[in-house]
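Two complexes are shown next, each including subunit A; its partner changes from subunit B in the first to subunit C in the second.
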Partner chain A sequence: MSFFDKLEKVDPRLMYVLLFIVVALPLVRPFGLPISMSPMTVAFYDTVEKIKPGDVAVVSIDYSPASQPEQYPQTKAVMAHLSAKGAKIVCLGFWADGAPFIDRAFKDVFGKSKDHPKYGTDFVNLGWVPNGEVGMASIGKDIQTTCPKDYYGSPTAAIPMMKDIKGGRDFKLVVSLASGTPGVPEWLRQIQAQYGVTFLTGVTAVSAPATRQYFPAQVAGVLEGLAGAAEYEVLLIKYGYIGTLAPPMDSQSFSHLLVIIFIVLGNVGFVLRKYGKAK
Partner chain B sequence: MDTFELLGTLMAAAFTLMVYSFFYKENKAYRFAEHVFIGLAVAHSTVISSKYVWDTALAPLTTKGDAFWILPILVGLLFPFFFSKKYFWIYRIPVSTVVGTGIGLGMAGLLRSQFIDQIAQTIALPNLKATWISGSHPINMALIAIGTVGTLFFFIFTVEQKGPLLYASHVGRWTMMIAFGAAFGFTVMARMSLLIGRLQFLLDPTGVAWYLVPVAVVIIAAVVLMERGKGAKS
Partner chain C sequence: MSVAIRRSLPLVITFIAGLLVIGDYYLRIPDYNKLVSNWMSFVNVASSFAVIIGYVTLTRIHARRLTQRKAGWYNSAALIFAMYGLLIWGVFLSGGKFTADSAYTYWFNNLYVPLDSTIFSMLAFYIVSSAYRAFRARSAEATVLLVSAVIVMLGRAPVGPAIWPDIGPITSWIMAVPNTAGMRGITIGVALGVLSMGIRVLLGRERGYLGPGA
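Right after this comes the complex of A and B.
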């Protein structure tokens, strides 16, 4: 077997070991590579900047633990930014196993969740809403009937900030942190198109190409995967937000470099072997 | 860190390493982790779905006498007929209700958000002041228009593709290839992010998860050596 044949038939396990090393190294010892800024992230930030104190912002956790590395940092950053702008944050989720992230994000961003003195006045956790798109249509029409109790069992109607929030017409902004269905198209169909609410999204990198088509007319800003979250963290530095994504972005860059090297080597092997045979 | 949190972290680390053992090869530890994950996900969904049904329908029915909820509860109770060969037709009632509602609601916004607005964006006039990276920059708008029209030509099957139609179709094919390439690139990025997330958890020096990493490495190394030994003997 020639060298070029070997290039095309590298044992995948060797690649896994290299990948682990390349990803782990910057996590242990960060390199501090620069983070560039995408126009979608800037648009996302600018849209939240326009929020005035008291405006109602719905944050929907539409992802499962599988997307946590990309979307949980987005969640924390969005909540911190909205809180800094004085928005009334209504959190809910259309993915059953995503809703617990709301409670965790409250604890990480505000220090406490239901025991926080501002819970119920500045932010609320309505938990999981079933039936996907039907549920979205339903919260647009009547959020209190759709979510009769909050995540912790208190009647929604008794929560102070929910008294004036009846449905889609009261939402100033909707932020869906989505990784699949129900997600962005469903929100656009049931809330953005119906009520003309400003809509933002944070998606996994897999979903990013399918989301770009809605930017900027229907989706005012997009956070694309880990990179989008890291860019957003950089923009939030002025609010004193301490991000955690600089080392992971180093890992991301190095892992991409490794993939590119292997793609190039594999193709070089293929071309040279073919050329050799033709000869 | 209390005892439960400590145990939870160690279990999470152990299950992560069990799943990653698949990188070496399929094994029982991986399968165990896979089955536990599926079981937990189903159990979690069942518990919170039941809670929602209780809060939304059963509680108003039993405590306030809100009789309206009898109807959806009865329709919901028809789902288990899926398992009966004789009465399977009854199962179609709740399914058709759910599908009908979903399609009806979906169609209401679909035309606007995914058809009219999308066409309007595609044929919108370019913004001469836009930066080159923006989709509304004249060059990008031209590329979008050419790519969209070319892709539409690719899917014309009623006439033979030759002459100008063939060239337009080739433009469409290239456009789709570029789109698939971009999608593949983003998918690689997403998968790397997942690996990064897990390694961040496993290698966090302030946590306890990393205790299990050397243990896993030793176990995998021992398995590899044992298998090589067996291979050499046979």
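Right after this comes the complex of A and C.
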């Protein structure tokens, strides 16, 4: 096998080992590369900044544990920002295995969930809403009938902040942290278009290209994957928010570099072999 | 029930249900809007029964595999154990807290979440290997794809702007102009297809959803 052939046929096991090293090393010893700002994240932040105390913000957890490393940091940052703006936060989820993250996020952001003194007045967890897009249409029409009890079993109608929240017309903002179906297009069809609600989303990096098409008319801002969450954390520093994503972003940087190095090596081998044959 | 009724009844129900929901978008009649709201709650409840069908089907498939000791039978045993274990715990032993119960949450956070995240994370290894093999400058189109991919990969990680500050705006342009134009074209095409399919379903021209022979 010639040198060029070797460049084109690197053993995958070598790539796996190198990838493991470049991902793990910055987590153990972060490099602290500066995080730049995407226009999508700035638009997201600016939209939340316009929220006034008492405005109703629906936060929907539409992802599963598979995308949790990317989307859970988005969830925490969104809740912290909305809370800082004094919004009434209504949390729910259309993915059965995503809804438990709401309780966890309450504990991480507010310290407690249902035992928190502000539970029911400033934030509420309505848990999983079944049936995807039909469920979304249902909460738009009548959220109290669709979700008769909160996640902890209390009647929704008896929760103080829910007394004036009947459906889509009462929502000021919807934030869907979504990684598939039901997700962004379903929210746009059933809530944003029908009730004219301002809509924001946080998605996995792989979904970002498909989500950008709705910006800015339907989607006012997008958090794109881990990078979007890290950028958002930087913007929230002024609220005293302590981010955790600098080391993972270093890992992402070096893993991207590794992929690019292998792509370049493969192409060098490919072009030189082709050129050599033509000669 | 005659064959004619058996065939036409689902079509009539579909037509009425479809018109009911479409009409709700345009009409502001409180009683009518309330009726549609109740109808959608009914659909939500009715659809939830699909979970029972899912349980029965999964149990039949995996119980058979388990009793016949087919290859990988122990995976089926784990599935049945986990499925019924969490069901029994969540419904009967949680004291009415269901998934908010601390034991249920413990298993969710410490077993399911790490397992699911790990499986998804494994993709990173395959992505590196497949990107290395797939991104070859074999043609002009492949070269454009390759160059765009490298720019976006660099531009969306902190290391890109650290090496070359102008890569950020270039990345944003790629994402905002060619990517968005392509995605919008696809989405509008799909939407037109969905619209025509919806009309065909409402008019009874498309009967695939009724099953074979409809």
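We adopt the following convention: the second predicted complex is superposed on the first by the 279 of 279 C-alpha atoms of A that agree within 3 Å, B and C clash if a C-alpha of one lies under 4 Å from a C-alpha of the other, contacts with A are read in each partner's own complex, and residues count from 1 in each chain.
One rule holds for everything that comes next: a residue touches a chain if its C-beta (ideal position, glycine included) is under 8 Å from a C-beta of that chain, and two chains touch if they have at least 3 such contacts.
Keep in mind the model is a prediction, meaning the values are calculated, not measured.
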item	value
Subunit B versus subunit C as contact partner of A:75, first or second or both or neither	neither
Touching partner for A:133 - first (subunit B), second (subunit C), both, neither	first
Touching partner for A:192 - first (subunit B), second (subunit C), both, neither	first
First (subunit B), second (subunit C), both or neither touched by A:213	both
Partner chain(s) touched by A:227 [first = subunit B, second = subunit C, both, neither]	both
First, second, both or neither for A:248, with subunit B first and subunit C second	first
Which superposed partner A:60 touches (first subunit B, second subunit C, both, neither)	neither
Touched partner set for A:41, first subunit B, second subunit C, both or neither	neither
Which of subunit B and subunit C A:267 touches, first, second, both or neither	second
Residues of subunit A contacting subunit B in one complex and subunit C in the other	16, 19, 23, 38-39, 66-69, 97, 99, 127-128, 130, 134, 137, 194, 205, 208-209, 212-213, 215, 224-225, 227, 252, 255-256, 259
Subunit B contact footprint on subunit A (complex, rising order)	13, 16, 19-20, 23-24, 27-28, 38-39, 66-70, 96-97, 99, 127-128, 130, 132-134, 137, 148-149, 185-186, 188-190, 192-194, 204-206, 208-209, 212-213, 215-218, 224-227, 247-248, 251-252, 255-256, 259
Footprint of subunit A on subunit B - complex, ascending	23-24, 41, 44-45, 48-49, 52, 55-56, 59-60, 101-102, 105-106, 108-110, 112-114, 117-118, 120-121, 124, 131, 133-136, 179, 182-183, 186-190, 192-200, 203
In the complex with subunit A, residue positions of subunit C that touch it	21, 25, 33, 36-38, 40-41, 43-44, 47-48, 96-100, 105, 108-109, 112-117, 119-121, 124-125, 127-129, 131-133, 135-138, 146, 149-150, 153-154, 156-162, 168, 172, 175-176, 179-180, 183-184, 187
Contacting residues of subunit A [partner subunit C, same complex]	10, 12, 15-16, 19, 23, 33-36, 38-39, 64-69, 97, 99-100, 103-104, 114, 127-128, 130-131, 134-135, 137-138, 141-142, 145-146, 151-153, 194, 205, 208-210, 212-213, 215, 224-225, 227, 249-250, 252-260, 262-263, 265-267, 270-271
